[in-house]
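The next part holds the structures, each set out as structure tokens.
You will see two complexes here that share subunit A, one where it goes with subunit B and one where it goes with subunit C.
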Partner chain A sequence: MISQSSVLNLSWEQRRKLTGLLFITPTVAFVAIFFIVPLLMTIVMSFHDWPLFGERAFIGLENYQELGSDRQYLKSLDFTFRYTALVTPPIFLLGFILASLVRHNIRFIGIFRTIFFLPVVIGLGVSSLLWVWMLDDRIGVFNKILLDLNIVPKAQLFLGRPNTAMNVIILSVVWKTVGFTMILLLAGLQAIPDELYESAEVDGAGYFRKLLYITLPLMRRTIALALILSVIGSVLAFDQFYIMTRGGPRNSTISIVYWIFNNSFTYFKMGYGSAMSIVLLGILVALTGAQFYVLRERY
Partner chain B sequence: MSVRKAMVILLALALCLGALPLAAQDEAPQLSMWVRSINFQTQELVDTWNANNESQIELTVIPSGEFVTKMGAAIAAGDPPDIASIDLIYTPAFASAGQLVDITDFVKELPYVDSLTPAHMELGMYEGRNYAVPTAVDGSFIVYNIDLFEQAGLDAENPPATWDEMLEAMRAINELGDDIYGYWFSMNCAGCNAFTFLPFIWASGGDVLSDDYSQATIAEDPIVREALAFYNTIWEEGLVPEGASIDNGSNFASAFAAGNIGMAGTGNFALSLYQNDHPDLNFGVFHIPGKEGGAASFGGGDVIAIPAGTEHAEEAWRFIEWTMSEEPQIEIYAANGQIPLRLELVDNPYFEGDERQSTAASALAVGHTPYTTVYNDLFNDPNGPWLEMLQIAILDGDIDDAIALGQERFTQIMEG
Partner chain C sequence: MAAPSLHKALPSQSGLTQQDIRMLRRRALLALRYIILIVLALLFLFPIAWSFLNSIKLPAEALAVPPTYLPSQVSLENYEELTTYGKIGVAQHIYNSTVVAIITVLGSIVLSTLGGYGFARFNFPGKNLLFIMVLSTLMIPFQSILIPLFVMIVQVDLHNTLLGLALVYITFQLPFGIFLMRNSFLAVPLEIEESALLDGCSSLSVLYRLMLRLVLPGIVTVAIYAFINSWNEFLAALIFMTDQDNFTLPVFLTTIRYGIWGEVDWGALQAGVIVSIIPSLGIFLLLQRYYMDGLMGGAVKN
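And then the complex of A and B:
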């Protein structure tokens, strides 16, 4: 009763504040339980020899020191950034072209937007399996087409060679994610008033001038958002490598998250996996900060 | 990090769902049992038990390559199954971490304890105590297609006994047609090649680990290099289908069943598959030979154990003890072409007159199983040093690089 009467006694201003607090409580609780607490636990674990089961021991910075001599960790970092650098440009270029194509509200355009966006709603695991079958040397549709057109003399093992494995995985990921980038860029494109283009046309600007001086500058925020989401997604890539190549051939496609997963759950070294996660978190924060800085609004 | 978070949440949800029926009826105990995907007799064992007992067992089949990871996660989450059929080579790892119930007192009461397959009993022990008993016995050997041998003009009565004889037979069979190949290996499957390639080394008197399993001997043992060169020749000469290089084990047993493969390394688990599902396949069995003769086998299979933390240890043991009793051993194991777990039951009506079964069973006499707590990290991990070494040596032909890399990474893992 006391608390109830005290709430009733609050001024309008105080009650407004309390209401606001109540509104954000679920979100704060959610973030605390599913982000802050696990993050703190990960930090604590990274200072321990923490097997998945069995005895734990505090070992200070040993896990972090071990990182320097872990050849696969460095190889995985290198691979992950190479993958990110290779997969981001096609996603953006293609996403931008598709967004330009479906920008205007003409008849049946919804059908095309849906088609381009459709792969996004398929789970990455499912799409990876789908690609494994399409790329198969005996039953795959790609080899069938290439053989029928006499482009290759015999069925190719796309996932069996390091170079082609990387390329076909990039192809599959571009197919899978380009729709999402398209939707983001489409929203940015449609926010630009047509009047700007019309007046530029009056001044005699061609397509590329309009693109360079109107479209891209006005889409800075959208591009920043899409780029950051895309880069974070690529750095954290796991499913496609786990399913399509299982890290092979010759361990050439082990991404950094894959290596963290392996250490934590296959080698049972949770502490070491945590240390790698913290380092990766630091790298991602730095990378995202740099992107924000480069793409910040300058007036 | 997000992956791990997602894993934990998924796991928690899965466990909640799994726990519901347990809570609903607490009269007759409900036991959960995990088995890896390779043991065909387990379903029948569980069905028979459920039909005749108050307690009911719910069987979950886990893909072989995922077993250790899933079992580890379940133990860490505090909710492992009540019974687990574990690849015998992982028992030391789980027992040493204190995750299995000590069943020494139960085991010593068994009247037939001395006739249970020795490799499994040894792997089920840790510091003198029993933690597991056998549940599936699986030695490795080579199956060969008698029809193809005869078509190629080879003596099917006397299968190859050395590496050179194997190569000659493969070359002759390869000549038979574009779609006919001398051999099959699953070169993107780590465990398959521990099971069927290591015995080539052992049969020649070599090994990749020292006798006390404390050191890697890849670089110093010349037989390792020769065995890698032997497999490299098979690959280079096109004696296996090209797809073998990327097979992750899903065709490990079934490739040979298609009838266009001359020989393939395999184990008991595949015999019942061939006999039941491919009755037209005319095949024989021979031991994995050494370079100049001899024979060896990987003493594989599963042991059955009770994970720590279960409330149904007594009932779990009652089931385990029943699986080893005479009736299921004959009517479920032997009737399905599986080797009985007790040596005195190998002579049974189902095996009489089947030379393939007796050869397969005798492979266990030359069986060998490494005892190490890091077996998974060394051999079975798809990203581990064993498979990487094999692929670089056999598929790329860089045998020196492969041996150097294998020696280094084995040593790193064994030193912890």
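And then the complex of A and C:
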């Protein structure tokens, strides 16, 4: 704190300025130390050969050059984008259906909204532990049900083959995250005045025409926001692959973040991991930029 | 809302008026909506219910191949096994997660409140620039700065400590927290504060005695998010905690999933899943309104 006498010499205006600065100092310091400094360090480290211990060496663009010949890295990029492309539509469609179903304030609707949202509050790591067990070939409930209903002749190794692994992980992530999209879209739906639908009904418009000419156009921005947030989450996916498949089978489910994690914290090639982080950051900034662009009118 | 009926009820051949038909149709649609909702709700609840059912089976039954649908006997043995799992047992990990969560909540509240108040109510040089700096960190996913964070935390010897992990979590919460608290303070009418300031109260006591109560909903929202995010976080906890004694709950549960000598204790794992779900679920259910406020006020505007 500043001593009483020096404060007394300042005008009220100056004192307010100083107080304001003091209020924000801890916060800004935190953000600077834990966000800005690491961000700059990521850039610096990406130009270095940077093992956890031992000599660091400046190597210019070598890490970035290595990216081009790192087959697993390219595979991970491809996998992450494919995963994102596959997981986004079901999250969005189911989110939209759920939002439409819980839109009106009919009796008990709050309970349904809460139930659909519940998995969002559970950690992705824990939900992955729950799903990997349900998907197990010997002890899992899915195989039990499928076998009992004679849908499959023998137990399936859902996580043992690249295609089915992708599908069941998508199923688990949809369960875990769709409630979030539902709530976003619900807010958008409820912002549309009922009168619009009523007058459309008077004109004889059916469900699909109302959807096409009222709901979708008016929810453009909400939809874009829901899609972008969902895409960002998918590009950053890690927990589900680390826990459910350990990147397998045959390294087919290693996402970008997973590959950064392996390089940086298993092989301790931190400079190389930083170069990959910078690329990831670029992708994310572009996506967030798109998000701000979509939301620009509001602010 | 019901659409106003424009056509007057006309008698139809079946004896039902058109209004009757419309009402029946509406009822049938409503019933259909409820049926779909109930089926979906059951599907959504199924994983959690299934996990719970298995956690209260006898350990041997929880490991049965093929699995049984309902427990033949209710037992808490899986939970008991969890308390002695590995060499440490679950209590230590619950403690770790709780300590990290408490530090994260307190740190996030204090820093977000101070910062939010400063940005909302004071003018000083560089204010806009600093606020933009804070907000722009919302664009940086923490996954992309974990490497330098790890290097820094190792350098100050805070890796493998609960405090180190909590500091990282507080940072992840700050942009959202400051943004939310700034909006909360902006929503309070200026006059309330001015009279107190004219009476000679210091800014800090105005904040403490007057404003805190008015922005309490915002503080609760910040606290809920700090708790749930810290309690659930996996990747940073996995990286920063290298010593098993310091594992948070999710990281500890992952060690069960990979088992001891290849044997996975699925019963204990499900008991652990239930234990780690309960706090976030409980807080969400109790304080749902504040959670949703955060979603609308913060996450959406991120």
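As a convention for this text, the second predicted complex is superposed on the first by the 253 of 299 C-alpha atoms of A that agree within 3 Å, B and C clash if a C-alpha of one lies under 4 Å from a C-alpha of the other, contacts with A are read in each partner's own complex, and residues count from 1 in each chain.
In the analysis below, contacts are C-beta pairs under 8 Å (C-beta built on N, C-alpha and C of every residue); 3 or more make two chains touch, one makes a residue touch a chain.
Every value quoted in this text rests on a predicted model; they were computed, and no experiment measured them.
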First, second, both or neither for A:Y213, with subunit B first and subunit C second: neither
Which superposed partner A:G20 touches (first subunit B, second subunit C, both, neither): second
First (subunit B), second (subunit C), both or neither touched by A:P249: first
Which superposed partner A:M134 touches (first subunit B, second subunit C, both, neither): second
Partner chain in contact with A:F261 - subunit B first, subunit C second, else both or neither: both
Partner chain(s) touched by A:L159 [first = subunit B, second = subunit C, both, neither]: first
First (subunit B), second (subunit C), both or neither touched by A:L184: second
Touching partner for A:S277 - first (subunit B), second (subunit C), both, neither: both
Subunit B versus subunit C as contact partner of A:F58, first or second or both or neither: neither
Contact breadth on subunit A, by residue count: subunit C or subunit B: C
Set intersection of subunit A contacts, subunit C complex versus subunit B complex: 34, 38-39, 42, 52, 138, 236, 238, 257, 260-261, 264-265, 270, 273, 277, 280-281
Contact footprint of subunit C on subunit A as seen in their complex: 16-24, 26-28, 30-32, 34-39, 41-42, 45, 52, 98, 101-102, 106, 111-112, 114-116, 118-119, 121-127, 129-134, 136, 138-141, 143-144, 147, 175, 180, 183-184, 187, 194, 198, 201-202, 225, 229, 232, 236, 238-239, 242-243, 257, 260-261, 264-265, 270, 273-274, 277-278, 280-281, 284-285, 288-289, 291, 295, 299
Touching residues (chain side subunit A, partner subunit B) in the complex: 34, 38-39, 42, 51-54, 72, 137-138, 154-155, 157, 159-160, 236, 238, 246-251, 254, 257-258, 260-262, 264-268, 270, 273, 277, 280-281
Complex interface listing, subunit B residues touching subunit A: 1-5, 7, 68-69, 72-73, 75-76, 97-99, 188, 242-243, 245-246, 248, 376-377, 381-383, 387-388, 391-392, 396
Subunit C to subunit A touching residues, read off their complex: 1, 3-4, 6, 30, 33, 36-37, 40-41, 44-45, 47-48, 50-51, 63-67, 69, 110-112, 114-115, 117-119, 121-125, 127, 130, 133-134, 137-141, 143-152, 154, 167-168, 170-171, 174-175, 178, 203, 228, 231-235, 238-239, 250-251, 253-254, 257, 266, 269-270, 272-273, 276-277, 280-281, 284-285, 288, 291-292, 295-296, 299-302
